[in-house]
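Order as written gives the chain letters A, B, C and D; numbering starts at 1 within each chain.
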Amino acid sequence: MSNSSTRKIPVGILGATGTVGQRFIQLLENHPNFEIKSLAASPRSEGKAYSNAVNWKLSTAIPKNIQHLVLKSCKADQFKECRLIFSGLDSDVAEKIEEEFFKAELFVFSNAKNHRMSPTVPLCVPLVNTNHLDIIPIQQKLYNLKKGFLVTNANCATTGLVVPLKALEESFGEIERVSVTTLQSISGAGYPGVPSLDIFDNVIPFIDGEEEKLEIETSKILGNVKNEKFENSRIKVSATCNRVAVLDGHMECVSVSFKDKSKLPDISALKSALQNYECEAQKLKVYSTMKNDINFNPIVVFEENNRPQPRLDRDVNFGMSVSVGRIRKCDLFDFKFTVLLHNTILGAAGSSIMNAEVALKKGYVY
Amino acid sequence: MSNSSTRKIPVGILGATGTVGQRFIQLLENHPNFEIKSLAASPRSEGKAYSNAVNWKLSTAIPKNIQHLVLKSCKADQFKECRLIFSGLDSDVAEKIEEEFFKAELFVFSNAKNHRMSPTVPLCVPLVNTNHLDIIPIQQKLYNLKKGFLVTNANCATTGLVVPLKALEESFGEIERVSVTTLQSISGAGYPGVPSLDIFDNVIPFIDGEEEKLEIETSKILGNVKNEKFENSRIKVSATCNRVAVLDGHMECVSVSFKDKSKLPDISALKSALQNYECEAQKLKVYSTMKNDINFNPIVVFEENNRPQPRLDRDVNFGMSVSVGRIRKCDLFDFKFTVLLHNTILGAAGSSIMNAEVALKKGYVY
Amino acid sequence: MSNSSTRKIPVGILGATGTVGQRFIQLLENHPNFEIKSLAASPRSEGKAYSNAVNWKLSTAIPKNIQHLVLKSCKADQFKECRLIFSGLDSDVAEKIEEEFFKAELFVFSNAKNHRMSPTVPLCVPLVNTNHLDIIPIQQKLYNLKKGFLVTNANCATTGLVVPLKALEESFGEIERVSVTTLQSISGAGYPGVPSLDIFDNVIPFIDGEEEKLEIETSKILGNVKNEKFENSRIKVSATCNRVAVLDGHMECVSVSFKDKSKLPDISALKSALQNYECEAQKLKVYSTMKNDINFNPIVVFEENNRPQPRLDRDVNFGMSVSVGRIRKCDLFDFKFTVLLHNTILGAAGSSIMNAEVALKKGYVY
Amino acid sequence: MSNSSTRKIPVGILGATGTVGQRFIQLLENHPNFEIKSLAASPRSEGKAYSNAVNWKLSTAIPKNIQHLVLKSCKADQFKECRLIFSGLDSDVAEKIEEEFFKAELFVFSNAKNHRMSPTVPLCVPLVNTNHLDIIPIQQKLYNLKKGFLVTNANCATTGLVVPLKALEESFGEIERVSVTTLQSISGAGYPGVPSLDIFDNVIPFIDGEEEKLEIETSKILGNVKNEKFENSRIKVSATCNRVAVLDGHMECVSVSFKDKSKLPDISALKSALQNYECEAQKLKVYSTMKNDINFNPIVVFEENNRPQPRLDRDVNFGMSVSVGRIRKCDLFDFKFTVLLHNTILGAAGSSIMNAEVALKKGYVY
């Protein structure tokens, strides 16, 4: 690997001191395709060494080569040595900054919500719809760009939901109705995020904006690209979102109804469809699906009736797969099941990175 | 109060050292109608003073007059000084013991699941269907009893669900379909119950038998008594039950569809129907609805979008009301909302006690 | 009570929306001596109704008569209808504001740390050294005041420590050395306070300034008033403070060595000395020691070796007593034991209120 | 690795389904020196495949080659293909079973407490006193064995304590007095272990037998081997042990006094002595100190005043080092500091394995 390191894509991280930014740095350590060259965070961190500016919250150490990197301001002209940008910016500043960066001909992969629903910006869950990257040339034409572009990944809870939905639609046709109740972890709110006095011995039955994201984003992600445009799915999603006292890992209790009742599978066929689902990233053998020789599946199916559980299962396949269990018939819908994903890995930084890995294989990144 | 104490009904507690038994003892302290005379628990506690046998887990002290009561065995002939029995027995022993007690002409109010679905045993949620007590004479006829009978209360999660369902049916007609996902507290599993290594930083997506109880019991509770028989409701319930790291208080995310779409209320009418719902116990002014001059409502409606929360709201009206919040339209059902109840008060011992209070007012207990 | 309410002392609360301010409001509901007339918090809350401005975090409801009180600014001339002020202000603003209030001839009881070590300000733990109130005339002389004064209560962890120390010194003479390691709850840090990501599945081995407070305040509290001056105790305290994942209740593992080894008690005498310790507030029968006819002891001694525990024991005597358990000999010191107190009741607002109750009985407040 | 695998020592695990047994299996996956060949647990698991018998609680998967191993009974004649045994047995059965195994000429490394204080059994903390292995020939002589022997590791809390104590004694001479207050995690109690209702929002101020172990074992571990006998240290330890709501990682607040006050170091020298301490295992370059090219130190010193923290720091050096922070002067002792160790890795299974690695290098295991 070391001899190819000179050929790694130089990347920059925006929002590098935040929860998502820390995950970008952790997940990119020893990455064969990408090498962190520059970091930026808020103006008050500018000029500080990363290890002095960050309140590092992960249980692995800050990589040695990152500790002393000096934080820059979020200006595209400060990132000239980079070709690709991962953005973990907060949504209150992401909109304009990300625009500046992709218009400066940088490849931008963003975790922020701001541009997700834009008609020329791919909203890619890497285990689901990397075919949406094909809208990139349209975006470049619109903004008159040679190589720069912006790709977003989905909200964390949406990401966990759409993977099994996609797998089921591939095998059994359109899903018409989805009811989902989430139990989301505290890391989803960033840092300082949820005060301990609010969540300790408690559940908070509301997460601002989250239900809307689940309902809207799902429709774009499960839709198609046709005639150089996104064509949203007509799936109807009704979501209820709760915050629970779990560190990492969002659970989602999902009920689904298919459109075509004539093809309804039995439970065993449903499980097979989930377990055997393959995504483009996997076929392209991108790094996140090959790391440490894991035998990668986008979906891991559990037979035990008390699984998946956040603490035991969130790290399966390094947090890049979705776990599905409790698959059973439903009296009101066709089927119901429980989903788990690691919300700050697959649900955030990991998605951006895998999207970039796919874009690299497909030639959009170089 | 003291001068009327000679007229209190003498009661016995079965399963007195367990989680539910402890709540019976706590809630009956200074009760104007009932006075604990005898306690029984498992054979290994027999003969011990209560305070030596129990692993007391409540933050109020063991009442002085209870501490030195000597635990008896669960035999009816040991409870001759009692007229009424509250049973907090585990379901693996409750069936036969409770039978022995009500056949010995004792008034038995049980929290165990064993007899709940029996065709002559009332399954009463005191805020919902105390009219089911009217089946008592049929039960007495069947077993050839003069005064003894058995009344059960519902599973804790069922109890929280049926109160708002009943309120809505009274105002807007039959509910056809209910989808419910629960987030249930650890005290629901008794003691020692859930190992800390299982629930800490975790969710367990399964509670054995709980989903079935929610689906079956709801139908009996919301049904009628006709021609001396229970006539179950045809409501369809689909339930998913999770255990979360909360001490007390079950939350339930509920979606409902009414049968008659012509009468569908607007949100404001729906809230009024919930807030203004009155139950028989309340009209009869039983003690649990009058305690400390509370202004009792079966249902407390929250307008804030992040309420109810277990830690802040489980104790409203001394844990004897159900809290409902996040009332809103649903794209797949008609409406959705979030319910909270105190699972070991209204959801267990408190229900038995309020059922007994109503039975006293109605003359079944004397 | 209602007919005497005209004779209650009208009081104001500073910092009314904070954690300590909320406790003041909760504990003063239905208080026979004091009646809340005015509230103030930070400038951004000024002019708002209390229930709109506060993020209420207690499980009892906001008292009805408080909900609609309009928040004032922290100016003494806004509090003319009050005679007594309870201050729950943050230490970054308390210093000057409290000065303004007591110089405006108001009786000020403060929970802030700013004036605690001042040579004319009593630092009173109400179960320990209410005799220090006798310095009030000196303070009034210094500032040329007719009736106004400032009294502070101690840091929460200090409060828990000094109660058993005082009891032991009364019976067995001076304590020379104290080693204390604390396990402090999250509510001690106020709101939003400790981020959940910091304390969940964790211990934080440091609380800024806390160890110094324990070491310094203890010496003043256990000292005497002589010749119109405070004479500090020469006790040496070495403290280590940790934050743990507990909502309310500070635990302290304490080792002590007496100066005079000739009088060393046996364990049984030590327990008696703690259990039978009486304080002035108790002898004066102030309200907090009489409430609901509790049989008040400043110290509750536990014989079980796994008690006291925060969740089970923090509310003993409405959170106004200190619990002590695990009393045993120590190989390095003379004895060791474990202390528990409710940090936001006895450890904060409750202390201020009991100090005011004593000052009322002694005629400083009128 | 694969071609050398024939040369690995075949090992068996006793108590393989328990908390410690699971860690043995996890830590031995891909170990270059040892290969698991046989497993045993309680009689009710005998004959079952491991993955069917175990309630696996770790977030890494059960190694593939272990899943289908059939559990044996704890009889030495069932372990003939093994040369070395790791015992994670409960203390109520360990005594006799371990005796049978080492008398059957097997190398036994035990985590159980039963034989720790025996005059011919090494009680080895691998970062401290592997020189105690030199008593093995005496043990073999006593029991008339050719190669079999028994080596124990220490209690988890003791293990964390003795590492910095040893480092300090090496540099500054004998330590006379140690006061230690622990905050221990729930995994230390095994599974099911601590009921969630006991520890949630709580601290338990007592762990049965733990304080005695800290006081007694420390003295043996810090002692010497002289004239073929253990000579205990005269160090005096006073311990207070608490259980806190943390999954993994014991914290210990420690105060120490040296015997010879003339050599008292300054804080900076103290830190250096801890940071630079080297143990025999490290000099012998055993696998646990070389894994993944970590730069192993027995002690990691933290300068930040809010570290070490269990969640962030327990996994440093794969859980095989001790973290020390908050190093400062003490008014009552010479110095105080806070220690953290991973209680189920270095504090249990990891110690046994590292002891075996050292014994292998020294020729006792072959």
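Heads up, the rule we're going with is that contacts are C-beta pairs under 8 Å (C-beta built on N, C-alpha and C of every residue); 3 or more make two chains touch, one makes a residue touch a chain.
Just so we're clear, the structure is a prediction, and the values are computed from it rather than from any experiment.
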Of all other chains, the one whose Cα centre sits farthest from subunit C: A
Centroid spacing, where centroids are CA-atom means, of subunit A and subunit D in whole angstrom: 40
Separation of subunit A from subunit C, taking each centre as the mean of its C-alpha atoms, in whole Å: 49
Approximate Å spacing (C-alpha centroids) for the pair subunit A, subunit B: 43
Junction residues of subunit D - those touching two or more other chains: 57, 200-201, 245, 247, 311-312
Contact graph of the chains (line, ring, star, complete, other): complete
Complex contact set, residues of subunit B against subunit A: 177, 179, 181, 183, 200-206, 215, 236-238, 240, 242, 244-247, 251, 253, 255, 305-312, 325-326, 330-333, 336, 338
Residue numbers on subunit C that touch subunit B, as the complex places them: 57-61, 200-201, 311-316
Contact set on subunit C toward subunit A in their complex: 57, 186-187, 191-201, 245, 247
